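Letters A, B, C and D mark the chains as written, and numbering starts fresh at 1 in each.
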Amino acid sequence: MDITFQNVVFLIVAIFITVFSVLTVTTNKIMRSATYLLFVLFGTAAIYFLLGYTFLGAVQIMVYAGGIIILYVFSILLTNSDENINTGIKRGKILPGLISALAGAGIIFFIIFTHNFMPSASANILQEVDMKTIGFTLVGGGKHQYILPFEVLGVLLLACIIGGVLIARKR
Amino acid sequence: MEIQVEHYLIISTIMLCAGIYGFLVRKNTLAMLISVELILNAADINFAVFNKFLFPNQLEGHFFTLFAIGIVAAETAVAIAIIINIYRNIQTLNVDKMDKLKH
Amino acid sequence: MEYTLIILLLPAIMFLFLGLAGHKLKHKVAGLFGTISLGLVTCLSYFTAWEYFTSPRVNGVFEKIIPFNFEWLSFSEALHVDIGILLDPISVMMLIVISTVSLMVHIYSLGYMHGEKGFQRYYAFLSLFTFSMLGLVVATNIFQTYIFWELVGVSSYLLIGFYYTKPSAIAASKKAFIVTRFADLGFLIGILVLSFYSQTFSFVELMNGSSDAILTGAATQTFLGIGVLSWALGLMFIGAAGKSAMFPLHIWLPDAMEGPTPVSALIHAATMVVAGVYLVARMFYLYIGFAPGVLEIIAIVGAFTSLFSAIIACVQTDIKRVLAFSTISQIGFMMVALGVCTGMDSHEGLGYMASMFHLFTHAMFKALLFLGAGSIIHAVHSNEMKDMGGLRKFMPITHITFLIACLAIAGIPPFSGFFSKDEILAAAFKFNPAMGWTMTVIAGLTAFYMFRLYFNIFWGKEAKHHHTPHESPLTITIPLIILAIVTIFGGFIPFGHFITSDGLLYNIHLDPQVAITSVVVAVLSIAIATIFYKNKEQKIPAMLGEKLSGLHKAATKKFYIDEVYQFITHRIIFACISTPIAWFDRHIVDGFMNLMASSTQSLSYSIRKFQSGHVQQYAFVFLLGIIFIIGLILLVI
Amino acid sequence: MNLLLLFVLIPILMIFCLWISRNINQVRGVMVAGSTALLILSGVLTYLYLGARADGDTAEMLFRSDWTWYSSLNIKLSLGVDGISVAMLLLSSVIVFTGTFASWKLKDQTKDFFLWFCLLSLGVFGFFITIDLFTMFMFYEIALIPMYLLIGHWGSGRKEYSAMKLTLMLMGASALLLAGILGIYFSSGATTMNILEIAQLHNIPMNAQLLFFPLTFVGFGVLGALFPFHTWSPDGHASAPTAVSMLHAGVLMKLGGYGCFRIAMYLMPEAANELGWIFLILTTISVVYGAYSAIVQTDLKYINAYSSVSHCGLVLFAILMTNQTATTGAVIQMLSHGLMTALFFALIGMIYGRTHTRDIRELAGLMKVMPFLSVCYVIAGLANLGLPGFSGFVAEMTIFVGSFEHVDLFHRVITIIATSSIVITAVYILRLVGRSIYGEVKNPEFLKLKDATWDERVSVIVLVISIAALGILPLWMNNMIGDSVLPIVNTLVSR
């Protein structure tokens, strides 16, 4: 692998994501777990940036890192108790977890390495998708345009908000 | 050598498997939910990667990821609401103890 | 002679009437209803007998008349159960015996049962019994006999258990029914076997020779080495032995004395218990023709029973039980008489006539004895000899009639018992001298225990009474007197003119040797009894009892037959068959079903564990499944 | 319009009327009117049937009519009766009638009780009037379901257990039955479920018969308390409420014998001849074993339930003898046992309602306190042990004589074994009567008890009269049944 800037960044991001993914699920402290998740999400955003999907990366940071993680942190603090903070990992569960994770990984790796991907010739990693295209595609009503899923997602979010409020409010 | 599809996929696979592992072994419900986020992220990355490398002239994967992020946000909101509610009722987030429906 | 139907129907109607509406009637009215209807039946019976025996003989025999017969139930073309009336010499004779004794008992009961609770019920049951007994004797076919056989069994059950609050009466009634029922099983199987081969139930068809060919053919077939007809007739004899209390099925009869005394007189002395004898007599043609071996068994069983119960009778202290054992002994005589027959003609079949004759006379004098005993019990309110003694002063009529009956049963001329017993002894001697001597000894024993009874009741030491015993009312004494008269003169009836084995006329003539022997034996026995028991102090019997304490005790305990039965029923049938079966049913058979249910349930429980409610477990299984499927796909591709 | 259809329509109408009725008097009114109508109807049917036979109508089934209700499998509502069904209908209507009166005093949810009761009788009547395999099966199932609720809710003692056990065992049996019926349908190659046509066709291959005959026979046999599948009966009867015990032991158990005869043996005669001996041994065991078990029971209902096992065993025993006399006896025994056992259960229910115990060790001297019930109990007992003049005697004797006419020695020997049950029957009946009816009253509480009320008297008297009538004048019933079993028996004998 050539040592280009791209590659170096990718390598760093890859290691970053790998390490923090694993740390997320192995740490005992839930708060740390959430923090590591945040790092992983940042790493993911970085991947998007590397791929040239800057908008997507921005959304990722805003929604995930800015929104969801905050939710997690709040809820962790809300459900704060000794038992929940130090959620040790049950010994008996590690083995099945490992087995399925490793077996899954094995199969996926097998597929990845045996499958012959045929990258499109016109693929240019550095080429960004401009905002205008994204905006038109998102709210356009034609072919390959996404107004309908957009609206549906809006309704879904509304429903979730109402549902969340209903569920979580005190009776 | 260029960075290929496979390399991204390796990252996402590791993330996915970490998520799976976390989902299976964590006791805390919130921690399980965090693992689910990992899994979803892994999927998101794959969408973006496939879009970029295999079909660079289209935006399906891009938008799918976009919507997925939105839906994940919604899901998380509802799930956390439920978890908090459960916590209020049984004072624990231990998933092993959430088996009242069984009886 | 269609009017004979009334003889049958009147008691049945009276049973229904008294049974359904009786409790609304006054005691006296109900009793009179029963008695009057029975009086009517008696008159009709006598009229029937007169008309029957005065009708001309055909070929020297009285014809069998079936005035009435209808098909009641049909099993197949050949086998159908009819209900009808068959008149032949023995059934007509039985009509007379039953109606006479029954009438006496009806009248007697008016006084004896006076004021009893359930008086109407008593008369209803008496009517039921009379109806069934009459139905039994006039039966045209063997199945009708069986039907009424069961009915007399149940009326006996009901009457023994008349005092239904008394535990001993309940037990006795139960015992009587079950023992006879067991015997009836033999009877039923006998009927099944016989009808299977003969393809008819009808007595007439069986006896008039038309079935001989079939039966002869059947007689050659064997089952377990014994001819099928011997099986059939032998099994029927078991039925007869049950009803007639032959050893070892005699145990119910002494206990049956728990019933009211008139009932004992009617059912357990005069009529029902001789049904077995009647049955054998009824089937005599078949016994002689196809199963002479069974007849010999009958003779041996009869003789043994007779001896056995005579010995027991010598030591019993309950007067009714003495009479009960005496009844068994006398029925044994009748059975012996039937058993010693070797052919159908009048000489070889002398026993047949003798048996019927003795049945007749015995019915009269034994009814008299029982009614007399009832009169005594009525006076002293006890069955035990020790509560009696010296009663001759207080109860002259009872005393005299009782004495007459004792003389009759002891076989002293000219009382009726002498004649009939003499014929039996003659028949027995003719069959086999040993048998003859045995029976003579038993006759002596009979005289001994009867006079023991007599002296203990009417002579001897006076017991202390709460109040002075007095003679019973007229309703009680009149039947006694009537029966006494019959007992005195009954012996002079030329019985051979009416009933013989082949139906031909036969003149009874006394065999002087046999007659003298038996009279001498009887007189000797009476003399011994007089010496033993007439005095107030009964030293000799007490001394003998001590000397032979083993025998004495065994005899008092009726040779432990009851205990053997008790052992068989409770220890073996109840404890070793029924309880294990019930246990087996509850725990093995049902347990198996429950096991199936519970194993299904536990299987469900174990399957339910998959549905544990643990999300992670589900996810794990789910993942494994996916991995497996993907792996499979990869392998296939 | 077929007269037979009324047997189904009246219960449906009753259910509807019960549903809209407002108070207990209306409920009772509906029940009395309906059950009386059924009783009259079955009387009329018997009269018409005998009339038609007397006029020389020799068709195997009378009052035939068909309505297709599921055309793709050609399932029809085929109505038709012969003497056996007529007898059974008569029995059922008597028991429904008396059952109504026997549960007159029921307090708890009377309306619902009678609703289910009507549904139960609907199933029973439906079963007897149809001759289409599938429709019969359907009515059979209709009769089963209410049983669970009736026992489980209105029962006594371990009612949930018993209801569950009874329903499960009978359901298990009906699974066998369904397999058997489908087997018959498909292997006969028929395009119809009609019994008569399948019998006419008579082309079920032998190996199929050998497979499906045991299925069908056991399927019905469970209902007819065939050893060793009888254990639902003691528990079920002991827990069931009075009217349900009556209907169940009185009628539903007869479905078993009826089905064994009409379906299993009629349609698969070769297998019946081939395998008959196995079931013959089982039924003989039932007969003797039930009687022995009854000796040591202490619960009145258990005694009667085991006695039912014995008597119902005799029914199956007799039909396996495959001759006209024995089979006629079997049908009479069904009638007789139905009436007797219904009488027993009615009386036990009445006694239990007063004394609150069924243990014969605690009951004593009932004759003093409730003479009417006790006398009837003794009558029922005597009828049960086969006293002449009652139906039991006629039935048993017909069976024994018929069975003994069998040419095969084996059959005759086991007949003798079965015959011995009459002695054992006497033992347990007399033991029971002696202990609980006779004697002195032990429990002073009992002295306060009252004798039967008018409604109970109606129920008991009707049953006693039926039993006595059948016992005293059996010939017409005997002839009616005998004619009808003949075609089936001929099928069995000739093949």
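Definition applied: a residue touches a chain if its C-beta (ideal position, glycine included) is under 8 Å from a C-beta of that chain, and two chains touch if they have at least 3 such contacts.
Remember, predicted model here, so these are calculated numbers, not experimental data.
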item	value
Greatest separation from chain D - chain, by CA centre	A
Chain pair with the higher count of C-beta pairs in contact (A-B, C-D)	A-B
Central subunit by CA centre of mass proxy	D
Between chain D and chain C, distance of the C-alpha-averaged centres to the nearest whole Å	37
Interchain centroid distance [CA atoms averaged], chain A/chain B, Å	7
Whole-Å gap between the CA centroids of chain A and chain D	73
Interchain centroid distance [CA atoms averaged], chain B/chain C, Å	97
Junction residues of chain D, two or more chains touched	none
Overlap residues in chain A, where contacts from two or more other chains coincide	93, 96-97, 100, 104
Contacts with two or more other chains, residues of chain C listed in rising order	616, 620, 623
Category of the chain touch graph - line, ring, star, complete, other	other
Chain pairs in mutual contact under the definition given at the outset	A-B, A-C, B-C, C-D
Contact set on chain B toward chain A in their complex	1, 3-11, 13-22, 24-28, 30-31, 33-35, 37-38, 41, 44-45, 48-49, 52-60, 62-63, 65-67, 69-78, 80-85, 87-88, 91-94, 96
Interfacial residue positions of chain A with respect to chain B in the complex	1-2, 6-7, 10, 13-14, 17-18, 21-22, 24-25, 30, 33-34, 37, 40-41, 44, 47-48, 51-53, 56, 59-60, 63-64, 67-68, 71-72, 75-76, 78-79, 81, 83-84, 87-90, 93-94, 96-98, 100-102, 104-105, 108-109, 112-113, 117-120, 122-125, 127, 129, 133-134, 137-138, 144, 146, 149-150, 153, 156-157, 160-161, 163-165, 167-168, 170
Chain D residues touching chain C - in the complex, by the definition given at the top	164-165, 168-169, 227-232, 235, 289, 292-293, 295-297, 324-325, 365, 367-368, 382, 385-389, 393-394, 397-398, 400-402, 404-405, 412, 415-416, 419-420, 422-423, 426-427, 430-431, 434, 437-440, 474-475, 478-479, 482
Touching residues on chain A, where the partner in the complex is chain C	93, 96-97, 100, 103-104, 107, 110-111
Of all residues in chain B, those that touch chain C in their complex	20, 23-25, 32, 95-96, 98-102
